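Structures incoming, each one as structure tokens.
Both complexes shown next keep chain A, but they swap its partner, so chain B is in the first and chain C is in the second.
This part shows the complex of A and B:
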């Protein structure tokens, strides 16, 4: 193999695929990045056997070939090179990659590309297209609610439902649930529902950071994989097997009290209270009081800790329904608020021991359910 | 086989066998007689572990010359007049058995003079028969010399232990009585050398110094509690039960219960319920298999306790099992960390034992050691003079941690940290468990236990045993933050879990906790024979002050924290480790996890220097 490319392109490509490199693998080749010539371009690929990322960069190819080199070394090395042309040549016998850039020359020992597991690519199945902004928003508003704990593998994934030109993503970790609906620009999934590892979605969201073209999604049901394809990069992920609990039915259908507050106020109040909640099981209490003829409604956000002290914040609220006091975990509140993309948040509650439903005012695409906390005195 | 009445001598020997087992039993009987006689000084001498000679001298009331022989006939006593008296015994002896029993199995001489007689009497007996009696000049009081114990009972003689072991028992006995009667001056001489002496100053603290040495005594804390009948119908605010004594700082502990001394109404007793209660009071502060030191004097009205259970009077029966203050669970919340000691709350009485004094302060104890008051050799020299009381240097289990600098992690399980005197290996799981446990308890006390509801109730199938265990503890589970509902058959719905557990799989954690509680139940049964458990459950199970319930709650919290704590095998970043160690430094009892296992191992600089041959 003998190729030349720009440092800039190689650096960017390596950064993309390095996300899929296995951090601690018993299979040494998985710590490496595959470098191969592919139809006039240079292909970079990495996988940890759950997800795989492949990207193609422009290069001048003089001689076809492929090898794998340690990801960390190559990445850091290329990152430090001057932004000039890099010439790469592979010594097949020793599997040593020779890199020349400006007045620097190095030899990096690699491993045979034959040992690298093949990364599946999209086949001729059903394709659907999603707007990158929509996809990014959906992922950011849902994936964080997936369980981090591996004990219930299904919950580490995100449920994706396809229905009549719409995609619905839902994630739950046993204490909260996040649901977001988006529009499919074009095409059909060919399946009704899949479970995508949350990690794959987070990597995908990072990968399509500045993508403007629609993202092509292919679901190969028989291989239990999903492929996300952008103009120059492809992410393949294994799907989570199993049945996702019917979480959508857990969203309460009705409410007694609906409270609308300004997002900025709410974020501020939760943030201030969370400093005090840290030492008290993370409990934030919200007292919602409807307005009267004289005064507007308000929501009091409170946290108290035996050791640190206490804090009370008051924000204006439009309250429709009776007064209520309900307590939530500060972490769940702040994580939810971090993804809210609207000026106002609506809080729908029934009773202190019933779930709280959070929505963005002006959009019914996002629904977030948080289970309350209570204190046994 | 014909039935016949045993010869008197043989019957006397058999009766003696119940009371007199070994030289120490003789000493016990004679000391109790001396105390009943109002002595202010009791001297014990022994030769050859008491096998060859035992002499107990007192300056008590003595025996009038006319009654001397009577003292050696069976059932002769000055301490009891009627059957009714038997149920309000205020003296230590009452059976009229001790002297004849001792006399039956030894060669005994008694020299005694009562205060109002000009001359005393010396009486000699061999095997219970008077061989000599003569008027003799004598100081006020009684001197009893027992020689060649069991000379006429070869079977007993064969079973006597070595002199060292027997003298150890006598030493222990004398020092225990000295603790219970600080106003009496006790001394013990072995082979003409003084091995123990108490000052007779009236202060138990002084005796502690004499018995255990200043270092150990310094780590004992005075406690006292009283129960009055003010709150009861017909009560007049009189004290009906009281406990006074010293408990060791958790840092000071031993591998067995031998150093837990109890006196009930001045009588040395071995009572399992008392021992158990005190061990319970140290719950989670001591490693499994370690026991505190304590000297506790329990006073209850004479009619509340039956001492006539066994001839040797080492056991007592309480009329109302719940009557004796049972020290309940005590985490020293908020206790100052210097010399922290458990504050006992005597749950069943609704009493709180407060620390009535600071631990013996070092200057105080030292002053006494080197000061003028002490007219006899300082207690610290006692071990050298042949007593069998090895003074284990107190470890530092409960002392506050020094500031530690985290160096790294080993095997994804242990944190290595450097302290001023060496390196510490800290078990990350155990340490986190301790931190969470204390935090949980604090929060629970201040604000109540916080629970996190589950998005969807989890159905959990329990085995019949698990279900029983859960039913037993349902109230405790609820109080800690679980919300569990029966869902027909063996299925239960888990609706909420303690918020601390929100990070782990609720179902799995719940099942693990239930299984862990099983081990607790079984461990308890093995250790305590189930008897005490029954005693404790018999009374007021549902009151929150109930020690069993409190214990169960503590065990449950410990189990919950165990589930919530970071596990071994998790890689921790440096800031994470620093945070963990920082919090551990703030803990009340940083050196053990709530289950009593150590959280850390210290490798001292001295030890390192030795290992490297630097010294």
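This part shows the complex of A and C:
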């Protein structure tokens, strides 16, 4: 293999794929990055067997070939090189990659590319196209709700449901549930549902950072992987095995009280209360009072702890229905509020021991359900 | 050469059929150390994921070669880390997480847990859920020296594949044909192996092992007429540091068993072929009963050492009681 490329391009490409390099693995080759010539471009790839990232960068190819070299070393080395042309040449017999840039030269010992597990690629199966902004928003509003502990493996994943031009992502960890719907801009997958590891989606959302072209999504034929393809990069993720519980049916269909509050006010109130809630099992109490002829409706957000003290905040609210007091976990409230991008939030409640439903006013694409906390009065 | 496993035909047949149809979710291979449990498990893993045409495993395809080289993404091998005394909970948790995902490139995700009996109670319990109900495309392969060494709850969740020692003649044949060993050494190693092909193969390739064994036997035999102080001194020497006391007792047991065989007119079945003359000579002046009694003493000492008795004292008792 004999190629040359620009330091900027190589650095950027390595930064992208390095996210998928296995930190500790039983297979030593997974600590490496695959470097291969591929139809006039240079292919960089890494995988930890759960997610794999492949990217292609422009390069001048004099001789075809492939090898793998340690990700950390190559990444740090290329990062420190001056922004000039890099010449790479592989000694096939010793699997040593020679890099020359400006007046620096180095030899990096690698491993045979044959040992690198093949990263599945998207076949010609039915492709879907998603708008990158929609995809980013959907992921950020759902992925955080996936379970962190592995006791129920399917819950560590995010359910992705495709249904005639619509994509629905849902994640739940037993205490909360986040559902977000979006539109598929092109292509149809019929009705299908897969479970994608939450980590893969978070990496994906980082990867498509400033992408403007639509993202292509393909599910491989054996339904083992999903492939996300941007203009120059591809992310492949293994899918989680199993059946996702029917969480969509858990969203309460009706409510007694609907409260609409300003997002900014609500965030502020929750933040202030959370300082005091820390020592009191993270409990935040919300007292919702409907307006009368004389006064507008209001919501009182309260937290108290035996040791630290207490805090009360009051925000204006439009309340439709009887008064109610419910308590929620401060962490769940603030994580949910962090991803809301609407001026107002609607809170739908039935009873203190029933889950609360949070929606963005003016959009029915996002639904978040939080289980209440039991408090003694 | 599809299956690497030699012998164990019924187990190979069972697994080949399972690989071609629907394998069970978990198998437990049991049998003495170095009998071929791991070899069989790896063979089965190759058969499950082989992509070659015709008989599986083919041994030629990418998948077969990757598994043989220990770098197939869907086949993981869990074993006790060299610096640990048991398989840790974390090792099993890590493999559990992998098993929740669909296979990377093969048909099956295979996890091989070598010497499951080395997993501590917590690790074994942590594994029960996976063992009972793994994801659909998962096959778990456990190996253990005896089924009794495992929790009943682990045992009952696996299909058992008990492996018996191979016939001595078969081991002998393999050593002669595959390793070109001369018939005398092949016969010796085969007999010493007790039907454990893995042990015999190692012994035949390692000149020193047989030499060390001969030397140890000589030392033990020499101590018998030397009296108690020499015997006690020898017991101290043999138990110092992390020397393998069990190995010493096994060796000593094999010698006395041979004497019993010679005495009982079954000299054809003896293990210590290279000391045949000495056996015949010694057997001449020893009483059958005394040999029998002494064998019990050695057996007892072996069991006591398993139960954490002071190894030096146990060995002293054995050596002092040797019939002259």
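Note that in this section the second predicted complex is superposed on the first by the 371 of 377 C-alpha atoms of A that agree within 3 Å, B and C clash if a C-alpha of one lies under 4 Å from a C-alpha of the other, contacts with A are read in each partner's own complex, and residues count from 1 in each chain.
We take it that contacts are C-beta pairs under 8 Å (C-beta built on N, C-alpha and C of every residue); 3 or more make two chains touch, one makes a residue touch a chain.
This is a predicted model, so every value here is computed, not measured.
Chain B and chain C, once both complexes are superposed via chain A, fit side by side. Of the two partner chains, chain B is the only one touched by A:281; chain C is not. In the superposed model, A:247 makes contact with chain B only, not with chain C. After overlaying the two complexes on the shared chain, residue contacts for A:262 are found with neither chain B nor chain C. Set against each other, chain B and chain C touch different numbers of residues in chain A, with B touching more. When both complexes are overlaid on chain A, the residue A:190 reaches neither chain B nor chain C. When the two complexes are overlaid on their common chain A, residue A:172 makes contact with chain B while staying clear of chain C. Between the C-alpha centres of chain B and chain C, as viewed from that of chain A, the superposed structures give an angle of 60°, to the nearest 10.
Of the two partner chains placed around the shared chain by superposition, neither chain B nor chain C is touched by A:321. Applying the stated contact rule after C-alpha superposition, one finds that A:223 touches chain C and leaves chain B untouched. In this overlay, which is a superposition and not a single complex, chain B and chain C have their closest Cα atoms 6 Å apart. Put simply, chain A uses no single residue to touch chain B in one complex and chain C in the other. Touching chain A in their complex are the following residues of chain B: 439, 442-443, 446-456, 458, 478-481, 496, 499-500, 502-506, 508.
Per the touch definition, chain A reaches chain C in the complex via residues 26-27, 29, 49-50, 115, 117-118, 120, 150, 153-154, 156, 197, 223-225, 238-242. Against chain B, in their complex, chain A makes its touches with residues 148-149, 151-152, 172-177, 245, 247, 250, 279-283, 304, 306-307, 329, 353, 355, 369, 371-377.
Looking at the complex, you find that chain C touches chain A at residues 66, 69, 71, 73, 76-77, 93, 96-98, 100-105, 135-138.
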